[in-house]
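Supplied in structure tokens, the structure appears directly below.
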Amino acid sequence: MIIDALAGVLLIPALAAALFAALPGYRVTARLNVLAALLTFLTATSLFFVEPKSGPYLLVDDLNKVFIVLTTFVGFTTSVFSASYIGHEIEIGRLTPVFVRFYHSMYQVLMLAMNLALVANNIGLMWVAIELATLTTVLMVGIYRTHEALEAAWKYFILGSVGIALALFGTILVYLAARPVIGEGLYAMVWTVLVTRAAQFDPALLNVAFVFLLLGYGTKVGLAPLHAWLPDAHAEGPTPISAVLSGLLLNVALYALLRFKMLLALNPVAIAPGPLMVTMGLISCVFAAFMLYRRRDIKRMFAYSSIEHMGIIVFAFGMGGPLANFAGLLHMTMHSLTKSAIFYAVGHISQVKGTQKIADMGGLTVTNPVLGWSLVLGVVAIAGLPPLGIFMSEFLVVSSTFAREPGLAIILALGVLVGVGGLFMRLNTIAFGEPRGPTARAKASYIPMFAHFAIVFVAGIYMPPALVTGFQNVARLLG
Amino acid sequence: MRGLSFDIAHMLAGSLVLVSFMQLYQDRLYSLLNIYALHALVLAASVAWQAFVQDAPHLYLTAVIALVFKAIVIPTALHRIIVRLGIHREIETVVGVGPAMLLGMGLVALSMVVMLRVTAEADPLAREDLAFALSVVLLGLLMMVTRRNAVSQVVGFMSLENGLVLAATGAKGMPLVVEISVAFSVLIAFIVIGIFLFRIRERFDTVDVQALDRFRGERR
Amino acid sequence: MIVAYALYGVAALLGLAPVAVILAASRHASNVIYSASLIVTVALGVIGLVSLSGPALSTITLPLGLPWLGAHFRIDALAAFFIVVVNLGGAAASLFALGYGRHEESPQRVLPFYPAYLAGMNLVVLSDDAFSFLVSWEFMSLTSWALVVAHHRERENLRAGYVYLLMASFGTLALLLAFGLLVGPNGNYTFDAVRAAHPSEALATLAVILALVGAGSKAGVVPLHAWLPLAHPAAPSHVSALMSGVMTKVAVYGFVRIVFDLLGTPDWWWSMLVLAVGGVTAVMGVLYALMQHDLKRLLAYHTVENIGIIWIGLGLALAFKAHGMAVAAALALTAGLFHVFNHSVFKSLLFFGAGAVLNATGERDMEHLGGLIHRMPHTAFVFLVGCVAISALPPLNGFVSEWLTFQAILLSPQLPSWGLKILVPAVGALLALSAALAAACFVKAFGVSFLGRPRTPAAADALETDSISLAAMFIFGALCLVAGILPGIFIDALAPVTRALVGVSMPQQTGLDWLTIVPIAESRSSYNGLLVFIFVTLSGSIAAFAIHRLASDKLRRGPAWDCGYPDPNPATQYTASSFAQPIRRVYGTTVFRAREVGEMPPPGATAPARLTVELHDLIWDAAYAPIAAFIGYAADRLNVLQFLTIRRYLTLVFAALVLLLMVLAIWP
Amino acid sequence: MAVIRDLTFQGAQMLLVLLLAPLLTGFVRKVKARLLRRRGPPLLQPYRDLVRLMRKDVVLADNASWLFRVTPYIVFAGTWVAASLVPTFRSGLLFSWSADLIALIALLGSARFFLALAGLDVGTSFGGIGSSREVMIASLAEPAMLMIVFTLALVAGSTQLSTMAAYLASGEAGLRVSLGLALLALIMVAIAENARIPIDNPATHLELTMVHEAMVLEYSGRHLALIDLSSELKLLLYISVIGCLFTPWGIAAPNGGAQAIGIGVVTYIAKLAIGGFLLAMFETSIAKMRVFRVPAFLGAALMLGLLATLLLFVSRSL
């Protein structure tokens, strides 16, 4: 039954959150956390097999199925990683058990919020969920209570709340646009209804609404110039949260943006959302690429690379068309997997080296070969070099765009090239050269990292037809 | 009746914009908070009037929330904080009051232009309200941008939220979920801000955001 | 399906990589890996030979790569020829590495990537759709990058790898755009579709330029060569041999595939571009080489030169093809491709020799070598063979291909277009110049490092390298001679390729009496390496015999005469830089803004006299430094955005909002 | 039968050049001496020198390698083969098609390559000077020579010396500007290649300006004899190339009878004599130039050659 599956995706995290808040003893909780995440993931996968039926509040269609499964999967692997990570944090006394209890419960709340945002059929509900996710991550970013952590959280909170406010205003405007057509009440906020009637909506209202939504949710996506919270939040929070932020939360916000883009695209008179998204995507990509060169903090560097890739994805979706949309989806998936895997590696590395400063780590492939080479592999993947998955998506984005908008394609490609330069410049210091810093062995569970890399690697060479058809359906859905 | 109700709603919304301007005008934290209370008061009034006009009883709830939380609880709490931090008199603005006012004018004009393009058959009430709400939002944002001081930025943020409430209530028949979420958000916002202020109190001797900005994560 | 077998071979190579990772600890790792890759490459080479002679063109499609496209692979004559080249080099490198690899200090950084690199190069040649082509192309770059940074503790190796990777990505990008142009928005990336596409003239021209940039940057065409002399020497020597001898050829393959095969009938002034680039590359490469005193870097720069020569051949072929002069086109193309083969042979040989020297002395700097001909006689001999071959001197193979190129140039007056009339003789002059300079350069290379007296203890007690490495070198040395005196066989082997690309092929050579080669007609020109070889050896040995018999054959050893000023100190010998000094004064003053600053202390002063030579790499200063400077500048400027206050960030958001609202306000 | 005949002619040619070469050198020296109002050495002096050197022991520097000992033979063989492929008194030699003009130049190039290596082998500073300057000169002379070859080949439509000679003799070529330029350039190159004044002074030692002599400084005995002989051969070769290309008259046709052969031999010797005489005149009337003005000299030759080729390319199209 579809409702069960949907409810499961929401209830399991909710119950787990409550439970973890009650339970002391972080070891048990960590295991339970993994278990809960796994259950959620399984439930999510079951969505593929039972034909979903959408109610006025909840909705399952091809588009968010992809997102849900991706989210729950990365959530699961991250929970595995976080188990070993948090253990180390407690050993060195960076976190006290109280905070860990809080952490785990918040982790599940975050999962709940993201799943809710993805399955919500009601724009109001979706807004609430995304906001909940934001607030949870704010709390988790500040969890170390160091000056930097507090500053990052504060920055994140202020910018995030402004984003929230703008998004809400946009939502209200959408409702106002829908009301004269659909009539007052709940159904003027329900996706499935909105998309059917979008053509008659008032274009001017829709335009204003989209501007606010673009800026509001764009802040969460981390598009420049709204990105400011992102690097610090990634750098100062616990690494699992960095992984979840880059791998998932950005996607969720992107998902919201896509929904509204579809809505606007259905209205012939309203402004085309494509150009706006393309512009912001290009700006983010190029800007982030240049920012990579002066980074001294490893996590902050990869945060900027996330901005770059979000830019590419938004660019692809902005271009539209089946090929570009397919590429965008593929790129989003690959980026989530790769980037979270990179953050797993980075987490262990910074624990081994006892710092996040790039200058204090070096020759990693000599001291910790597994971590070092994994990082190299991750950077190769994120830089979009074959035979890994991101190359395929970037290939599709650039080549399909070049046929239509050569100028844009060239700008994008050069931005990517600059980004490659920045990444490898740092990688040389981190992974090669004379070893620097402590050279202890890492007590780490490499499974999640390797799992992600394996998927990315295989996807770069062979994509199962089922997945392809699924993506193609979604691409067609996105128009 | 129709015309009168429209005029009153219009007047209330307009006065909300006016109060936002008064906020921009303040240069002392203490009086700023008072003006914010007034802001919330006007909001409550307008929400109540909307409730009466649309005879939507649930809006009264929103009005009460606005009245209690925003007009009374929050200002008093903030008073406490600033008194305890001993920063109730100083307040540094980035641009002088005059330029801020001019910017505000420009923003209001902009929001008018944008909103009046909306086709009129969406009922005029909502349309005018929207124009004012948008101006309130923009003014709140302007305030956050032009003040250096954390408390005043929070105030700016909250007046921004007031703009949202105005818009939401202006939207006829919008489901309750929204108001609740607005109040909810303000509540959360306030709690979290409070937590932060306390943590900041523990760590630093001022809530000046610049003090936070001393730590850039990356040493230059 | 012969291509299937080829793919099995590639798969075997790919499979070796994880094996190498597993074996990394054991002592036998390098033996296992190198012998295995030797076997596989030999097999692949045989496959290439078979399909070059037999009926070519077998294709296969695997459900890999782009889902709706699949991965297409195919062997035709062109691919077959390059498979032979690639795997010949690969086999020799593996054989050499069987001996050389023992001295590798960090084998676990070389072994996994080596077979993968070979596989990548084979895949490029095999692939038959744009996506697989680019994937293999970049995979090849990636693995070779890993090999370049294998000795990562020297900083300049890291820098070399960095520059290399960026240039490689840049080249791939250019190729990607080229294919994007040719394919169009429908996204059918198979080469067949591209062949069928018939793009408009402007598009095709743009594609050619992009292909020239993309393939050229990998091949090391001036001014895109900057990475090559950094990266090739940095790798272990057998890998350097592969990169210089083979990978650049794969780049040539890419160019030929796109321009000759995919684009159909060329436009005449593409050839102007190619010819000009080729001529400049040839001369600049050899001039750079003359200024070097690092043996491996000198060889790398000579790769640039030879790529220029190949490019000239290709350009001539394009010109003739564009004007429908098929026979001449066949001649020029044969010349170019034959030089591809020859260069892969003698350049690998020379890099092996350099590796042997590096092993024996630990020195790459020629100023620290000397007198090695006494310590390492075999290496010296075979290295000398390589030097003669690359200097395009008869009777070895380098001369034959350049001779063919000259013959092609001599056919060019029949070209109708004026631009070519003016350009081709100039290019011919450049080609002649580069040939002469190459000879000069290798007199320096061999003379300074192998002849004379040892300049350092390391050189003085160097030991001859192991027999396996020698075997690899001698095989290639022999190949140089065979290809030099029996070129007809190789020219005929190239016939199917030219037939596939320009329609006709050169006349059958092997049938002619005395095994002469006659490009067009005997009255016009002919060359017989075999006879020349026999003549020279005969007359030389007759003279020796006669003199030793009739006149004296006595021999006394004594100190060197040296005009009565013998100096025991080996430092008084001519060094590499002093040898190059006259040429530096003739050419360098303009090309490198070379300046010599000599400071001679006054009599009685104890300070040593100094002569400092400063050279400027103008291309780097003009093209690369500004880009790096710009990126640095932009990064610094933008980096300010990391350090703003929250309020300023809010201002950004606010500004964005207001901006967008204004856009709406003025929206029609 | 015909093969035997051709073989004999080929052999005769080889012997002829070998025998004439020292004589030519002696002749040039004699003329120079006369022009300087000296009596000068007898004509046969070069032969005597060669024989004397042949008989002497070789004194080899301590660290001279096998390359040093092999080089003289390689150089000699290369030059000799090259010289014996030039149609001197009879065109269409048996093996002339085995190497065209480009190959001849390349053969001389290999000879020079090994000589330069030998200069570096002993590891003395003079040898270094010699070979470094030699390769510098060659790096300009060879392209110039190739440009000249291009010119002639484009006129004659062939790079085969016999064919070229025949074509030029037939007079179809007529008088062309480019031929004149080519001749001029060829003479300049010949002077440079044979280390004559003003490029180099064959009769000097212990000068920092010497090039060729510095390179072969360490040679003695039979080795030195071979080196000298091959440089004499080279001089002969260049003069006969000029002769057969620019004064292609009197060369016997392949099917010519004994009388034609006789005429051929006589005219050939006459050409050599004239060439030698002109050379001597030139050398006595000019002073040696600084080493670093040589590039200008040869650059001029290169430019002339290129100009000639370009003119042809253009005129051909009219």
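First chain written, first letter: the chains are A, B, C and D, and each begins at residue 1.
The criterion applied here is as follows: a residue touches a chain if its C-beta (ideal position, glycine included) is under 8 Å from a C-beta of that chain, and two chains touch if they have at least 3 such contacts.
Since we're looking at a predicted model, the values are computed, not measured.
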Item to check | Those chains which touch subunit D and also touch subunit B | outcome: C
Item to check | Between A-B and A-C, the pair with more C-beta contacts | outcome: A-C
Checklist entry - Where the CA atoms of subunit A average out and where those of subunit C average out, how many Å apart are those spots? => result 44
Checklist entry - Could you state the distance in Å from the CA-based centre of subunit A to that of subunit B? => result 31
Next on the checklist: Using Cα averages as centroids, what's the distance between subunit B and subunit C in whole Å?
Outcome noted: 69
Checklist entry - How many angstrom between the C-alpha centroids of subunit D and subunit C? => result 35
Item to check | Per-residue multi-chain contacts in subunit A, two or more chains | outcome: 154-155, 158, 162, 208, 231
Checklist outcome for this item: subunit D residues touching 2+ other chains are none
Next on the checklist: By the touch rule stated above, which residues of subunit C touch at least two different other chains?
Outcome noted: 642, 646, 650, 653, 657, 661, 664
Next on the checklist: If we use the touch criterion from the header, which chain pairs count as touching?
Outcome noted: A-B, A-C, B-C, C-D
Checklist outcome for this item: Seen from subunit B, its contact residues with subunit A in the complex are 114-115, 117-119, 121-122, 126, 130, 133-134, 137, 141, 144, 153, 157, 160-161, 163-164, 167-168, 171-175, 177-178, 181-182, 184-185, 188-189, 192-193, 196, 199-200, 203, 209, 212-213, 215, 217-219
Checklist entry - Can you list the residues on subunit B that touch subunit C in the complex? => result 94, 107, 110-111, 113-114, 117, 138, 141-142, 144-145, 147-148, 153, 209-210, 212-213, 216, 218, 220
Checklist entry - Across the complex, what residues on subunit C touch subunit A? => result 63-68, 109, 131, 134-135, 138-139, 142, 149, 152-153, 155, 158, 161-162, 165-166, 169-170, 173, 176-177, 179-181, 183-185, 187, 189, 631-632, 634-636, 638-639, 641-642, 644, 646, 649-650, 652-653, 655-657, 660-661, 664, 667
Item to check | In the complex, subunit C residues that touch subunit D | outcome: 370-371, 373-374, 377, 384, 388, 391-394, 399, 403, 406-407, 409-410, 412-413, 416, 418, 421-422, 424-426, 428-429, 432-433, 435-437, 439-440, 442-444, 446-448, 451-453, 514, 516, 522-528, 531-532, 535-537, 539-541, 543-544, 547, 550-552, 554-563, 565-567, 570, 572-574, 578-583, 585-586
Item to check | In the complex, subunit A residues that touch subunit C | outcome: 154-155, 158-159, 162-163, 166, 207-208, 211-212, 214-215, 219, 225-226, 228-229, 231, 271, 276, 287, 290-291, 293-294, 323, 363, 365, 380, 383, 385-387, 391-392, 395-396, 398-400, 402-404, 409-410, 413, 417-418, 420-422, 424-425, 428, 432-434, 460-463, 465, 468
